[in-house]
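There are structures below to look over.
Two complexes are shown next, each including chain A; its partner changes from chain B in the first to chain C in the second.
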Partner chain A sequence: MTNHIQHLFIINRAGSLIYSWEARIETVCVLKYSYDDSIKNQICGRETLSCVTVRFAAPTVSTNEKIILSSMFHSLFTIAVQLSPCPKSSGVEVLETTQFKLFCLQSRTGVKFVVITSAASNIAADSLLSKMYELYTDFALKNPFYSIDMPIRAQKFDEAIKVLLEKAEKSNGAVTF
Partner chain B sequence: MTIYNLYIFDREGQCLYYDEWFRTKQSGLAPIQEYKLVFGMMLSMKSFVDRLATNDSNQTVNYYKTSAYKMTFLESATGIKIILNTDPNATGIRDLLHRIYQAWAETANSAANLEMFASTNPPNESFLKSRVRDIVMKHSAYV
Partner chain C sequence: MAKTTGILDKSLSRGKGEINLSTFAVLFSEMVLYAQNRSETVTDIHDKIASYGKQVGLRMFDIIVLREKGYKRETKLLGMLMFIKSTVWKNLFGKEADKLERSNDDHCTYLLIEKDPLMNTYISVPRDKGVLNCAAFAAGIVEAILDSASFKCKVTAHWHNGTAYVIQFDEAVIARENAMLDTNR
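Up next is the complex of A and B:
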């Protein structure tokens, strides 16, 4: 199964990151070699081992970098409004490069929901984003211990997001979840 | 569908060409400041997408879209950057940008001097303007 959703960010109205999620896509590769291979002993030093498992994954983005990316996106979003050639434009809603697509939904209160998918995906990002907004109001805003504009740390929210993303991956291309 | 405006920058960020058609809102900045802002945004967008890249192959920004317009980017191998604002639903814009680049390259070369890389004097401006206008106005997205 291929995973299309790579990143998910929630950015507060001041441009700082309050929630992030990152897909861990691993490709496992097993390298086999025969017993008479001379490098065998150099690699593992054991006679019985005849294969090596290698895991490949996309480079991960560090938390620090995610915070930088969020504030960068926040300013790009604002500049896009200013540079609009026609009145009443929103900020960046879709950004497409040769490697990925980024979708953004800004709520009335200025909270931004950002999803990054692979360039080949045709996930219905609009409904995914509004569903995320719904989860945010349900699990963060309704939580009496949550203070606004602060990072979201709630297990229920993590679980709900996980379920939503699984659903979104499965119904790749469908209109609603 | 509409085509709003067009910017052409050289690799140093100097705006070599600007034209607009149905632009209904100005940015509220002096033209020079606006060109700087467009170029600066493009550069930071590039660094933004580079940080998010999942593999080492070369990555370019195709476009971004808001509720009211779409900004499409094209960068040539020589570092000339062409930026076009259109209606979000306009199609065939990449093709249009390639044709504008072609017109640009031909006009610059027909000037038969290599001054085109000296960013201060855009080659044969009025001739280029008429060619670019001709290309843009013939496009299906221009209404």
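Up next is the complex of A and C:
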């Protein structure tokens, strides 16, 4: 499935995770079967089931692990800036593997926006990341109940991210959102 | 000698009536934080934000009336409320308020309903402060305008159909209004 956005992270200036979003993709199987009348009563003694629903999903990463991974990424990012052969490197922007693609945008203030997509995705990640940055400045920074560098718990931010991701999934490689 | 038009000969320009929403949002966010740091209860925060709104209402009332209605003063209650709903809201927030209703049980209470007040655009209230509505700012503006127009009242903001501004007029105001309507018949 192309355009499959798997994870979204926002990492603050100190390297701790302040927002994470995970796509919940489930494959649902419905198995139908029928019983021989003679064994029907033996099994339940009442109306027997004739179908079972099985759900398959990728193993989920626990919140603790996400926090650890984010701080690890933060340190690796800083090391990459130092190791880069070009001076004034911008740090990790794209990390591609056979299983996934990771895109990162670091703002001027040091806040990192990370999106992880499936390997075959052709999504316009930089515009997605800059739109995420815009939503952060709107619904987190203009919210008087949000303290800077703390985890983001704003309902309007969650809704806006959801809308943005739905648009991104539908856009199919379009350049801007 | 050539006739030069100096700056004093030109008529006064109305000026740009719009500012950036982000600028206002950041300033308003700071105002809410300022009120919150100096208050103990949610009612206190509401009162403080409303007092900031009162300052705005006092100053804007004269200028809006002068610009929109010339030198005529609104004396009827309903007319004044409609003026606030359409003209004042349009001037301040760029859109009109949604509905104006009269309460069924209390003849002194009117309800001004707005689905999405401009100041709440970027504000998500956490669950432990669920009663707090930053539209208390607009409630303060409405109260100041009605007070200046000699319709004494109390205005509060509530979460109802979006945001509802409950306008509670004094008995004297309603009595005066009814007397005026009777004499006109």
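By definition in this document, the second predicted complex is superposed on the first by the 163 of 177 C-alpha atoms of A that agree within 3 Å, B and C clash if a C-alpha of one lies under 4 Å from a C-alpha of the other, contacts with A are read in each partner's own complex, and residues count from 1 in each chain.
Keep this in mind: a residue touches a chain if its C-beta (ideal position, glycine included) is under 8 Å from a C-beta of that chain, and two chains touch if they have at least 3 such contacts.
Only a predicted model underlies this, so the values are computations on that prediction, with no experimental measurement involved.
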item	value
Touched partner set for A:Q6, first chain B, second chain C, both or neither	first
First (chain B), second (chain C), both or neither touched by A:P59	first
Contacts of A:F113 with chain B and chain C, given as first, second, both or neither	neither
Contacts of A:S90 with chain B and chain C, given as first, second, both or neither	first
Chain C versus chain B, contacts on chain A by residue	B
Contacts of A:F100 with chain B and chain C, given as first, second, both or neither	first
Touched partner set for A:I79, first chain B, second chain C, both or neither	first
Contact footprint of chain C on chain A as seen in their complex	138-139, 141-145, 153-157
Residue numbers on chain C that touch chain A, as the complex places them	22, 25-26, 28-30, 32-33, 36, 122-126, 129, 134
Chain B - residues contacting chain A, complex	4-5, 20, 22-25, 27-28, 34, 37-38, 41, 44-45, 47-49, 51-55, 57-69, 71, 85
List of chain A residues in touch with chain B within their complex	6-7, 58-59, 61, 65, 68-69, 72-73, 75-76, 79-100, 102, 116, 118
